[in-house]
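Structures follow.
Below are two complexes that have chain A in common, paired first with chain B and then with chain C.
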Partner chain A sequence: MNFVFSNRAKIISFVLIAIGVIALVTGIFTVSSDRIWSNLLINGFYFMGISLGALFFYALSFATETAWAVTLRRVMEGVFSFIPAAAAVLIIVFIGATMHWNHIYHWMDEATVSKYVAESTIDSEHPTYFKDKAAAQKAEEAGETVVLNEAHYDELIANKTAYLNTPFFWIRTIIYIAAFIIFARWFRKRSLKEDETGDVGLHFKGYQRGALFLVIFAVFSSTMSWDWIMSIDTHWFSTLFGWYVFSGMWVSAMNIIAVLSLYLISKGYLKEINSSHIHDLGKWIFALSFLWTYLWFSQFMLIWYSNIPEEVTYFVLRIEEYRVPFFGMMLINFIVPMVFLMSRDAKRNPRFLIFVGTIVFIGHFLDTYMLVTPGVHFEHWEFGFVEIGMFMGFTGLFINRVLAALTKAPLVPKESPYLEESLHHSI
Partner chain B sequence: MAEAAQTKVVHAMFDDDHRLLEAAKNLVAKGVKIKDVYSPFPIHGLDPIIGVKRTRMAIVSFMFGMTGLSLALLGMWYFMIYDWPMNIGGKPSFSLIENLPAFIPVTFEFTVLCAAHGMAITYMLRNGTLPGMPAVNPDPRTTDDKFVMEITNAQNPQMDVEELGGMLKSEGAVEINQKSLTDR
Partner chain C sequence: MHKEAAIRTPLILGDKTYHDITADVVGPIEGKASKTWYLLVTIAGLIALWGVGCVVYLIATGIGVWGLNKTVGWAWDITNFVWWVGIGHAGTLISAVLLLFRQKWRMAINRSAEAMTIFAVMMAALFPGIHMGRIWVAYWVLPLPNTFGSLWVNFNSPLLWDVFAISTYFSVSLVFWYIGLIPDFATIRDRMTAPAAKKIYGILSFGWSGKAKQWTRFEEVSLVLAGLATPLVFSVHSIVSFDFATSVIPGWHTTIFPPYFVSGAVFSGFAMVLTLLLIMRKVMKFENYITIKHIEYMNIVIIVTGSIVGVAYITELFISWYSGVEYESYAFINRFSGPYLWAYWAMMTCNVISPQLFWFKKIRTNLTLTFILSIVVNIGMWFERFVIIVTSIHRDYVPSSWSMFYPTWVDVGIFVGTIGIFFTLFLLFARFFPVLALNELKTILKVSGEKYKKEDH
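Presenting the complex of A and B:
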């Protein structure tokens, strides 16, 4: 049965989008532009993370030949169909950063990484910088007066330019996004083709590509979070960061898959999904919340314990200036799923799952907020209508796009070697 | 000893778990109460048919986990804060709450240790399968590839043992053994 995008859902999503647009427009006139940009990055990355988490789980279920999740495949396809839209938002933010419209990535400012500057251009909008002595001398020979750029030069960032430079950043960004979109489109195409032909060969192709995607994603999920998120706090580094961000993506994705499935069931679709499927989704949310907390704590505890100045500043800023949202989001993302989803009956209860799902959805938004905001605004942060409104707007956009994508194919695959097993899933 | 005081036990052996599942369904529908089934592996969907209650292992596990958590925190508070405050790397040494992050890994491990061992020991104790305990399965073949359904006449006073045997045979039991246990 095909899903029909009801008028009510359409209106709700458009109202949410309208709130987002209002928040964006009032924000442009009332708050600093960096606050708008950082909100675009937060929302773009959060919904990118949800879609990527769904794509990851989709690939994982192929690579591990997971049978029970077959009936949920179309729901996951719907969720990861949002990747191009989220990627577009991120690319707008990155273009803004490259053009110096925003200052989210301060390593993109040439003044921080160049030792010399042409004297005649210092007061201009975009001074001419020279990275090293050789370049400076060359300019001097050409008749330019070159002076030392001491006020803004940052040796720590300058030492990272081999990796953190704008062209390479763009190359990586385009490779990540292209890879994700190509895989997402391919999986979708394979799925629709399998419905028509029922060819088992397609299943094994999915198995191979799924495994390939996991390998690629293992690298990209880490480097992507370094590039897009960790480089905001340019001085700081953590080797655990990629996993931490990835675990947040994964739990948000499972959460959305569960809530979306429950929504579809409540509207009379997805009759093939029984309480065992729901139970399994509940288990994933429960378990991944622990994984996320585990990684959050591992990163925090090691840095807190060793107390090395260059590492600990990251948490000092967050604890001193963002105490309530920082610990608050950690506690709600951990305690709520733990307490409410501990028992078997709760994992099978749609009301509990939707309640926990809503909290976790907001909680992980706050997590993404905490990843970005302190590095951009330091102690000058505000959380108001702009943040909430833009989050609602993006939620509306996400709902709209995902539900529209769901209408395009039957909600349960017609053919798959594991379909029968999934239909009889019982635990 | 009177004949009526004796408990007769029927052990019906099956060689296929699906067959046994069907048989159990049919017998329960006819009002037979099945005492237990011995099987080399868990048979999915059998528990609700023969009326086995859901395990309370999860609650036990939670309680063991909480015990571990409290013991670990209590222990570390006593060792590291109260009895002999230790200054490690300049971390606050006179307050449990301020030093909590350092204690979390140990607390976590001890919680898991207590929950896991507590569950394993409870499970074996409740099943009577602790090392050295006498085996209770009626036929050693149930640890290999056979399934035994156990029915007692004490639980089925309305049935004749012979009648029961006939029913089991028609349901596909490959072997039927009767045992008489003296009622204590």
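Presenting the complex of A and C:
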């Protein structure tokens, strides 16, 4: 049975999008442009993470010969169909950064990475900078007086330019996004074709590609987090960072898959999904919330305990200036799933799952907010209508695009060697 | 009954019945031990005795008989400790995590993997114990009232957290293992004819009668213990990694350590399970239970965890440069190009490159190659700990105190000795215990047995 995107759902999604647009427009006139840009990055990255988490789980279930999730495949395909849209938002932010319309990435600013500056231009709006001695000498020969760029030069950032430079950043970004889109499309195509032909060979191809995606994602999930997020706090570094961000993506994705499935069930679709499937999704949310908290704690505790100035500044800023959202989101994301999803009955109860799902959805948005905002705005931060409205707007867009994608194919695959197992799933 | 897809490979091969399973597993316990077993247990026992002798000599003489010096205060001792704890990881992962993931193939390997875990953790616990020098006051690591001594333990120290983490892990693993053994001991008791043996297995089986009520409780308690043991799989090696990562020593202090240690531990644990099981399936003729598919699954776990470890190595290396911290960068430059570069490259080859060979189906289903690679991985994981520990501290902040570490015969003797003790214990286990979880295997016979699958389709 194909899903029909009801008018009611359409209206709700458009209302949410309208709120987002209003927030964006009022924001443009009332708040700093960097605040708008950082909100675009937060939302773009958050929904990218949800979509990628779904793609990851999809590939993972192929590679691990997981049967129970087969009946949920179309739901996951719906969620990861949002990758191109989220990628477009991120690309807009990166174009803005490259064009210096925003100042999210400090290392993109020529002033921070250039050791020399032409003396006559220091006070002008766009001083002439020279990255190295050779360039500076050339300018001196041409009659320019070159001095050390004492006001803006940042040696720590300059030392990273072999990795953090705009062309290389773009190459990496394009590779990540292209890889994600290619894999997402391939899986979707394979899935629809399997429905038609029922070819078991297609299933085994999915198994191979699933494993391949896991390999690629193991590397890209880390490097992508360094490039897009960790480099905002350019001085700071943490080896665990990529895995921490990845765990957040994964739990957010499982959460959305669960809530979306429950929505579809409540509308009379997905009759093949029984309480055991829901139970398993609940288990994932429960377990991954622990994983996320474990990684949060590992990163935080080790840096806090060692108290090395280079590293601890990251948390000092967050504790002193962002205490409530910083610890608040951690407690929400840990305690709510732990307490409410502990029992077996709770994991089978749609109301519980939707209640927890809503909180976790907001909680992980706040996590993404905390990943971005302190590095952009430092102690000058505000949380208001712009943040809430834009988040609602993106949620509306996500709902709209994902539900529209769901209408395009039957909600449960017709053919898969594991379909029978999934239909009779009982735990 | 649970329906299984036709494309799934059967987990029990041949034309087995319930009775065959019992006979295959209990048979070796009832019969006389083979000459091979006596030979192996003698060799392992002699090595174990040698190890015990070295430990006695160490305690009687003092820690000075090891090769430690004032710069390298931790070397083989803690390397061996972490290596053994790591090996002790696979058992609980197999029994707890794979139970939660409903992986039925675990039933053929969980019993011996858990036994291996318990013996490995015992070997691990030995090292911090003898490292204290005055082992007779070892109980001071426990938070005892002040009347026992002038000091309370330091709750801020990760070394103390380790005491709790490892003892909890050991207790839960032991209980988990034992509870699984109860029905199997009862099966042996029912078959035994010699009165003494019947009596002993009767006591060990706690009066198990196989009532439905008992089975329900058995399954419930297994799930509860699996739920408790799963966080322990993470916590133990995370806390071991805290021993290093909470410090401010370049090469030790890095945030990726906890999950990366856990992954490395599972990696080495599975390698050791493979080493042991490949021999056991051959000697005890378990080819129908521990099939090529089981070996393949374990090899896939090795690829996954080995690759995670590889990603972690490269992340550390990259971030040491990216950080811009001079000491941090030097620690890593020294690792791959300093006097211990052979250890670093041995680690890289064994842990990162060699498991990638398992991407080829021919290699991961080849028993000889799997056996060789499983040993290669264990060598690599020993070097990993050696690299982390010794290369990070042998050149500290003051170049005048730079030094090298050279093991003495006591260092080597104790390490080799623990391998002897470990194998002695494992051989005893293989002689007197049901090495396959026979009652659990029976539950999957009609779903995943080769004969039944054929009839079904």
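Convention: the second predicted complex is superposed on the first by the 414 of 427 C-alpha atoms of A that agree within 3 Å, B and C clash if a C-alpha of one lies under 4 Å from a C-alpha of the other, contacts with A are read in each partner's own complex, and residues count from 1 in each chain.
Definition applied: a contact is a pair of C-beta atoms (placed from the backbone, for glycine too) under 8 Å apart; a residue touches a chain by one contact, two chains touch by 3 or more.
On a predicted model such as this, the values are computed, not experimentally measured, just so you know.
With chain A as the common reference for superposition, the partners chain B and chain C occupy clashing space. One of chain B and chain C touches more residues of chain A, and that partner is C.
By the document's definition of touching, of the two partners only chain B reaches A:343; chain C does not. Once chain A of one complex is fitted onto chain A of the other, the partner contacts of A:81 are absent, as it touches neither chain B nor chain C.
In the superposition on chain A, A:310 makes contact with chain C only, not with chain B.
Touched by chain B in one complex and by chain C in the other are residues 301, 305-306, 426 of chain A.
On the side of chain B, the complex with chain A involves touching residues 44-45, 58, 62, 89-91, 101-102, 104-105. Residues of chain C that touch chain A in their complex: 2-8, 100, 102, 231, 234, 238, 242, 245-248, 253-259, 307-308, 311-312, 315-316, 319, 322-325.
Put simply, chain A touches chain C in their complex at residues 65, 67, 155-156, 159-160, 163, 200, 203, 215, 218-219, 222, 237-243, 283, 290, 294-295, 298-299, 301-303, 305-306, 308, 310, 417-418, 420-421, 424, 426-427. Only residues 297, 300-301, 304-307, 342-344, 426 of chain A touch chain B when the two sit together in their complex.
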